Structures are given as structure tokens and as C-alpha cells.
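So, here's a batch of structures to check.
Next come two complexes, and both contain chain A; in the first it sits with chain B, in the second with chain C.
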Partner chain A sequence: MKQLMRSALFVFTSLIEPLIMATIAFYTAKAGGKPEALFYMAIGAGVMGIWSSTLFGSGGVISWQRWEGTLELLVASPPPLLVIVVPLTIATATIGIYSLSATLLWGWLLFDIPFHLAHPLLFVIALPAGVISMGLLGLLIAATFVLYREANALSNMLEFPIALVTGLLFTTALLPDWTHPIGWVLAPTWAVNAIRESALGGSPGMAIVLCLVLGAAYVVLASWFLRVLEVKAREKATLSLA
Partner chain B sequence: MRSWLRVFFVGGLIAYRGLFNWLRPAHYFPTMLAHPMFQILFFAYLGRSVNAQSDAFYVVGNAVQVSAMAGVYGMAITIGGERWTQTLGPLMATPASRLAIFLGRALPNLVQGLIVSTFGFCVGRLLLDFHPAPGSLPALALILLTTVASCTAFGMVIGAFGLRLRDSFLVANPAYFLMLLFCGVNVPLAVLPTWMSTISSYLPLTHGIAAAREVAAGASLGSVSGLVGTEALIGLCYAVAAYLFLRFFEEESRRRATLDRM
Partner chain C sequence: MGVIEAHELRRTYRTSTGTFRRKSLDVEAVRGVTFAVESGELFGLLGPNGAGKTTTIKMLITLLIPTSGTARVLGHDVVKDAREVRRRIGYVFGGDRGLYDRLSGLDNLRYFAELYAVPPREMRRRIGELLDLVGLAGRENERVEGYSRGMRQRLHIARGLLHDPPVVFLDEPTIGVDPVGARELRATIAQLVEAGKTVLLTTHYMFEADQLCNRIAVISQGEIVAEGTPADLKANVSEGGVVEIEVFGIDEPAVQRLRAIEGVRSVGVEPREQAQVLVVQTDGRELTHALLVPLDGAQVGRVSVREPTLEDAYVALVRES
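What follows is the complex of A and B.
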């Protein structure tokens, strides 16, 4: 995490990019004459920031180790690779909490977006549940990148499509029906629902539970992927190919 | 002159092939096609969600702006990539014309930007409610060429910072995202505060996008010639600025011995 924070690019992705995206969303809502959508979008832009930093971290975790020549050493070391990767993806997701806070503060200061939590206690539960579930989705993504040499290109590409199908900034009801099941298995869908419903009012309980269930499923899947793909990478001798 | 042209065409092409990972299909498709496609879809649906603008507004804005994937990121890699591969020092030690070296490296990025933008328009035509009249396509193509050239010139300025900074993406990334906000890509300039729309008028893309929107809506090329001329002039100014920055930073880097600093 300390190494990541030395990367100006990561700092930009986590700290500045969410503010730019939030500003675009705010002006879009204003252009549409929908000021009531501002708080809705502020939360969505903040969660998108969490997602961006998770994606950046999880996409990079394998690639950076590969470029530095340390991936083989990590794979060969006694602790399971899962134990090495989990903290990093969770940590990058945690940085995203800043994105959410900064986005809400940005909206409050510059766009007069009122900050009022309908269920403060549930918000305090929904936020870490959402962050952890997105971090664990990052773990699953990172696990598949062990075999994929173009991991960075894929992680750069995933920012918008996942924001699109999970309804981070707008309701998924606008999207074609066939996209909905894709959103259901992605943590950001339930993370943003949980955070939004606890902030705007609603019943975030089910969304919080689904965040935790999906998080657990991602760990199981990532553990399996890492085992299988690590063996494949060793067999093909592609572990260090950058 | 022959040597100048050789450095411009052959040197530019070889450097492009050598420096760009994204020429591999596994890198090219996610970076240069999928990312722009999802960007266009994302902002079009964002606009739909609040009834802000028509799909055509977002398709034109984003399809033109995604040329910055090549124009801005590409030019950043052009200098930054030489640094990473430790060839910047030898390159700067050659007596070849700097104008030929850097314009030659900009040309493939310009072509790539045109390909990405054209793909963006096709995505809009096939997946969204964007149906420009066939008769408007030649004018749209000319505006696109001017705007992408202007964006590539701006990218050359960003690339020039690669001679000074360790990581040129430090400038390229904010530039790409700020273009989404400032250049009227997703937000009409009339909605932005005055200070932001004033900055917009000095940036590439802004006038080109405005012209492209009008032409796609049925206006003639003649009626937007002022916008296209302004876009070309802005591009020319950035190209001159890029050359001056490149020479200045080259001198600075030699003086400080920082050309190969990683």
C-alpha cells in the first residue's frame, strides 16, 4: 500500500478522478433539470471512485510484481498467494472510502448538495460491507490476471462497463434486460444499493447481506482460480512474461 | 530533405511499432476499442437517466474525445516509452531533426486517433440513437481529421513533459479526464461556470466537437467553418508550443543529466 501511494498515477486515480467524474455527473443532472438526483449521483460517483481504485490496485497487483520480477518469488514463497493478494486488494478498495468522502464533501461545498443520512447506523455498516465486497471482487479479478499478460489493459477497460451494468450513477432499469443478471453477480451493484438506501432511505439490509455473500463467493472462486492458474502459469512458464 | 523524410516516415513507423504494446490484439481491443465503446455507452446512459441531452450529443462528444486515447496517451508513451526502454538518451544524442523525429512519431498516433474515433461513431450508430445523414459524413470526416490533429498536437505538449517528468502519465491521465469535463464532451458549455467555459475555448476538441454536432444535426460545412478554423488554429498553436517545450526540456534534461532518470 505504501508503494502504491508513491505512485502519482494511483493517487490521481483514487483522489482526483472521482472528483472529475462527480463534477460531470453533477453538471449532467443540472443540465437535465434534475437537482434531486444530485445526492443520488454523489453517492454513485463516490462508489465509482472506490471501484476505480480497487480496479487499479487489483489490475496492478499482479502486473507490477511481474514487471519488478518479484511475482515468481511470491508464488514460490510458502504463504498461499491468496494471503498475499487479499490485503492489497482490500487496501486499495479502502482508499476508495476517501473517494466517497471527498465526492460527498465536493458536492456539499460546490454544488450545495445536502448531506443527510436517513439511516446513519446502517450507513456505517453498509460502507465497510460494500468496500470489502468490492475489494474481494478485485481479488477475483487479480486471481485471473496471473495467467493473463495483458492484465493492465483489461483492468483499464473494466472501469466503465462495470459502472454501467451495476448502476453506479443511474438506474439499471434503463439498460437492456439481458444486462441485469451480469449486474446481480457484481459486488458494486449491491454495494451502491446498500450505501444509497442507507443514505437516502429504504431497506439496505438485503443489499448488505448480498455484499457479504458475494464477497465470500469471490474468495472461494479466487482461491480456486489462483490454485489452478498458478499451476497453469508454471506449466507454461509464463509467470514472469511481461 | 530526403533524410528528414526518412526520419519522419520510417523513424516514426518503427518507433510506433517498437513502443506500443497496444498493437498486440490482446492489448489493442481492450484499450483502443472496448474502453472507448463503454465510455460512449456510459455517458449516453448517464444523459438518458436525467434527460439531459440526446444520444447524438454524447456520441459525437465522446467519439471525438476518445481520439485522445491515441492523441494524448499515445504521445505520452512516445516519449515516456523511450525513457522506459532506455533509448531516450541515444535518441536525443542523434543529430536528426527534432521536428522530423517528433512529427514522425505523432503521425501514427493521429491515424490511430482517427480509427478510434471512427469506431466510436460506428458504436453510436449501431447501439444508440445516432443517425447522421449520409450526406453529412464527408464534412464530419474533415472535422474529425482537424480535431484529431489538434488533439494530437496537444498530446505532443503532454509528451514534451515526458522529457522532464519521470512519468508522463502524471500529466496525460488528468488531461484525458479533464477533457471530458472541460471540452463540452458531456456537459454543454452553457451549463459550465464562466471560468470553465473560458478555459474550454483554449483547449483542443471544444470547437471541433461543437462543429461536428452541428454538422451531424444537418448543418453545412460552410456554416461551421469558423469553428473548424478555430480548432485548426488552436492545434497549430499547440504544435508550436510542443516544439518549443520539446527543445527547452531537451536542453534542460541535458543540463541536469536527467534524460535517463527512471
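What follows is the complex of A and C.
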């Protein structure tokens, strides 16, 4: 976390991007003539910030370690790689909470969007559940980066398609039916639902549970991936850049 | 039983070229390396760049899986019992990389101490001891990005020793370090052996191996071409002699003619500003005059005859392989 927060690029991305996304969202909602949707969209833009931070951070975490020459040191240390990578990806997702806060504050200051939580207690549960589940999805993505040196190009490609199919930018009801199952297995879908329903009113319980279930599934999958891919990386000699 | 045992270790890298019609090429970096390091020994793996030293060490510290052959550290197989091996070894790579530049030296050490499960109570004392050992006490709160190469290298050594491992692998630890820094690092390495650790050191500096190692294996093109104490290796060439001839503008046919002279073991050409120095290893016969004959036409400078050194033994072994 300390290392990430001293990266000017990472801090800049985490600081500025959510504000840009929030501004676009507010103007889109206003142009659509649905001022009541502003808070709904503000939350989506904020979760989009968490997702960007997770994807950029988790995707980058392995690549950065490889560039710094520390990936080999981590692999050759006694704990399983999963135990080392989980705190790194959760840390990047946690930084994303800033994005949500900044977006809501930006909306309140510039666009007069009232910040009123329908279920404050459930919101306090939904937010960490959503953040952790997205961090664990980041873990699954990071696992592939152990083997593939060029995989960080993938992280740029994943940002907007996943934001679209998970309903961060607009409702998934507008998308073709075949995209829905893709969204169901991705944590941002349930994270944004849990946060929206706890903030705007609704029943976030199921979405919170699904965040946790998906998070657990990602851990199991990532654990298997990391074990298999670490062996492959040692066979293919891709742990270092040399 | 050796603390480190390598038996017929081989490692092949597959590289590919081309975009659409990709051609893959197998490069044999290590070709059947066998050696054993005993407890408390400082064993040197000596060889030129690209000889296979780092690949060998990476197989022993579980970062690369051998293509064939076996290796054990403290009785644990480096492929099957990788985690057991990792708990018991420390390793230090030469060069600038392998540290978190934006963190302080102390934060780097704390992070790796946690990875190696050093108990929190012990961590502070251990880090303090290691900072003293490597001469970084007082500089530990500075960010690593401001460290000199020598300081980084010393921090690497401290990192590798955090969990007090019985076996330490040092891969070219003095590379790129200035002479004073390198001398201090060598003193630190000597202290490790005095503390009872088993050390495997790779280097391409002859004098470093000579000064530090109990035994040396010379590796060239992925194969061990000689093994023994520094004295054993020197003995290989002690019966011979070395003639150094300064010449200006020698060509390859002339060097070939020198190599063909009976009694000449090897001929090396070392550029020195505008001249070249021919380093001719002989079997001990007096060949000075015979060596000057094929140089007819070339401008010859200083000619000297001297006793062979360990470096001559090393150069001869590498050239012969």
C-alpha cells in the first residue's frame, strides 16, 4: 500500500479519473431528463472508480514486481503466492473507496446531489463486501500475470467492457440478454447493486451475500491458478524480465 | 551428504523469433552440471558471462525447474520440496533490482522479515544486527531510490539473511560495485562463513574466488570444466609459463600461427588502447624467440615472461572448453 501510494501515476489515476467519470455521469443523467437518477449514477461512477483502481492496481501489481525484480523474491519466499498477493489486491481495491467518496463529494459540491443513505448500517456492510469481492476478482486477474509478461495490456482492455456488462455506467437491461450471465459472475455487478440498494433503498442482502460467495469462489480459483501458473512460470522462465 | 547437491542438472530455454512464421530455438544454458557443497564451505561457481552460473543458482533456489537432473538442498529436492528449500535458504542477486525503491531500507527489511515469518519481537533486534553487519546502520530510514549501488547490494545481503538461513546463495554480489565497496562486501561474505553458514557464490572475478572460496568449480558453456581448491587449479598451469607480447595491429592468421607452435597451450588477445597484448600460455618451454617469428611484419613492443596465476588457469580452462 505504501509503495502504491508513492506512485505518482497511481495516485493521479485514482484521484482524477473518478471525477471525470462522475462529471460525465451527471451530465448524462441531466441530459436524459432524469434528475432522480443522479445519485444512482453517482454511485455507479464511484464503483467504477473502485473497479479502475482494482484493475490498474491488481493488474499492475505483478508487472511492477517483475519490473522491480522483486517477483522472483516473492515466489522464492516460503509463503504460498496467494498469501502474498491477496493483501496487495485488497489494498488496491481499498484505495478505490476514495474514488467513491470523491465522486459523491464532487456531486454534492458541484451538482447539489443530496447524500442520503436509506440503510446506513447495510451501506457500511455493503461497501466493504463490494470492495473485497472486487479486490478478489483483481486477485484472479493478477494470477494470470505471473505467467504472462505482456498480460498487463489486458487490464486496459477489461476496464470498460466489464463496467458495461456489470451495470456500473447504465442499467444492464439495455444490453442484449446474452451479456447478462457474464455480468452475473463478475463481482462489480453485485457490488454496485449492494451499494445502490443500501443507499437508495431496497434489499441489498442478496447482493451482499453474492459478493461474498463470488469472492470466495475467486479465492479458490486464484489459489489453483497461482499454484499451476507458478510452476509453469518456473518451467518457462517468465518470472524475471531477463 | 552435501548440503547442496546437484546431479546432472540441465536447463534448456526455448526462444522464438518471427511474427507470423515463428521459429523456436532451444538454447542449452546448463548441460549436465554435477557438484556437491559441504557444510560450512564457501563454494565458488566461476565462469564468464553466459556460462550458466545464474541459471544453475536459480534452479537451486527453486526459481527455475530443471529440464532434467536433480538437485537437493539440506536433503530437500528443489522441485518436489520447494517450500522446504525456500524456508532454509537465503539468496542475494547482484545488480540494482530486487528492492522496493520507494520504500526505506528499513521498510524493505520489515516486509521481507514478515514474509519469512521472523517473530515480531525478534525482528527489531535481527534487523538492527544486520544493519550493523552490512554497514547501513543510520541510513535505514532513507528511501532505497537514494542508495548507491554498494548500499543496495549490502541491503540485499541483509535481506537474504533476515531469517538466519543455514545456506546462502550469492549470485555475483559485487557486480558493478566500486573497489572499496566490493572489498567491504567480500569481508561481509567471509564473516558469513565464519558464522558457520554454507555459501555458494557465483562470480566472474578470479581474485574474488581465489580470496574467498574453499573450492571452486569453473563453468563454461553450461558445463563444469574444472573443480578443486584454488591451489589445485593453479597447479594445473604451474608447470607452464606465460609470455606477454605487446603488438600493434596483429591479424587473426598470425594468432592462428602462434597457436600452432608446439608447446603453446593457449593464446589470448587483450586490447590495450592502440596496442594489443598477446597472452601466450606455454607448457614451460622457452618459446620467446619462436613466438616472435610468426609476428614478422607486425610492430612488436614490450615482451615479458612471468609465472602463471590463477587467472591464467581460469582463462586457459575457459578457452579450452
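Annotations
The definition used in the following text is that the second predicted complex is superposed on the first by the 240 of 242 C-alpha atoms of A that agree within 3 Å, B and C clash if a C-alpha of one lies under 4 Å from a C-alpha of the other, contacts with A are read in each partner's own complex, and residues count from 1 in each chain.
The criterion applied here is as follows: contacts are C-beta pairs under 8 Å (C-beta built on N, C-alpha and C of every residue); 3 or more make two chains touch, one makes a residue touch a chain.
Computed from a predicted structure; not experimentally measured.
When the two structures are aligned on the shared chain, A:E68 is found in touch with chain C, with no touch to chain B. For chain A, the partner with contacts to more residues, out of chain B and chain C, is B.
In the superposition on chain A, contact is made by A:A76 with chain C only, not with chain B.
Of the two partner chains, chain B is the only one that A:F160 touches; chain C does not reach it.
Of the two partner chains, chain C is the only one touched by A:I84; chain B is not.
Of the two partner chains placed around the shared chain by superposition, chain B is the only one that A:F170 touches, whereas chain C remains out of contact. Looking at the shared chain after the overlay, A:T179 reaches neither chain B nor chain C. Judged by the touch definition given at the top, the superposed model places A:V231 against chain C, while chain B stays out of reach. Note: no residue of chain A belongs to the chain B contact set and to the chain C contact set alike, using the contact criterion stated above. Listed in rising order, the residues of chain A touching chain C in the complex are 2-3, 6-7, 68-70, 72-79, 84, 231, 234-237, 239.
Residue ranges of chain B in contact with chain A, taken from their complex: 21-22, 24, 26-27, 30-31, 34-35, 38-39, 41-43, 45-53, 167, 169-170, 173-174, 177-178, 180-181, 186-188, 191-192. Note for the complex: chain C touches chain A at residues 13-14, 61-65, 83, 86-87, 91, 93, 95, 97-103, 107, 112, 115-117, 159. Chain A meets chain B in the complex at residues 8-9, 12-13, 16-17, 20-21, 23-25, 27-34, 37, 149-150, 153-154, 156-157, 159-161, 163-164, 169-171, 174-175.
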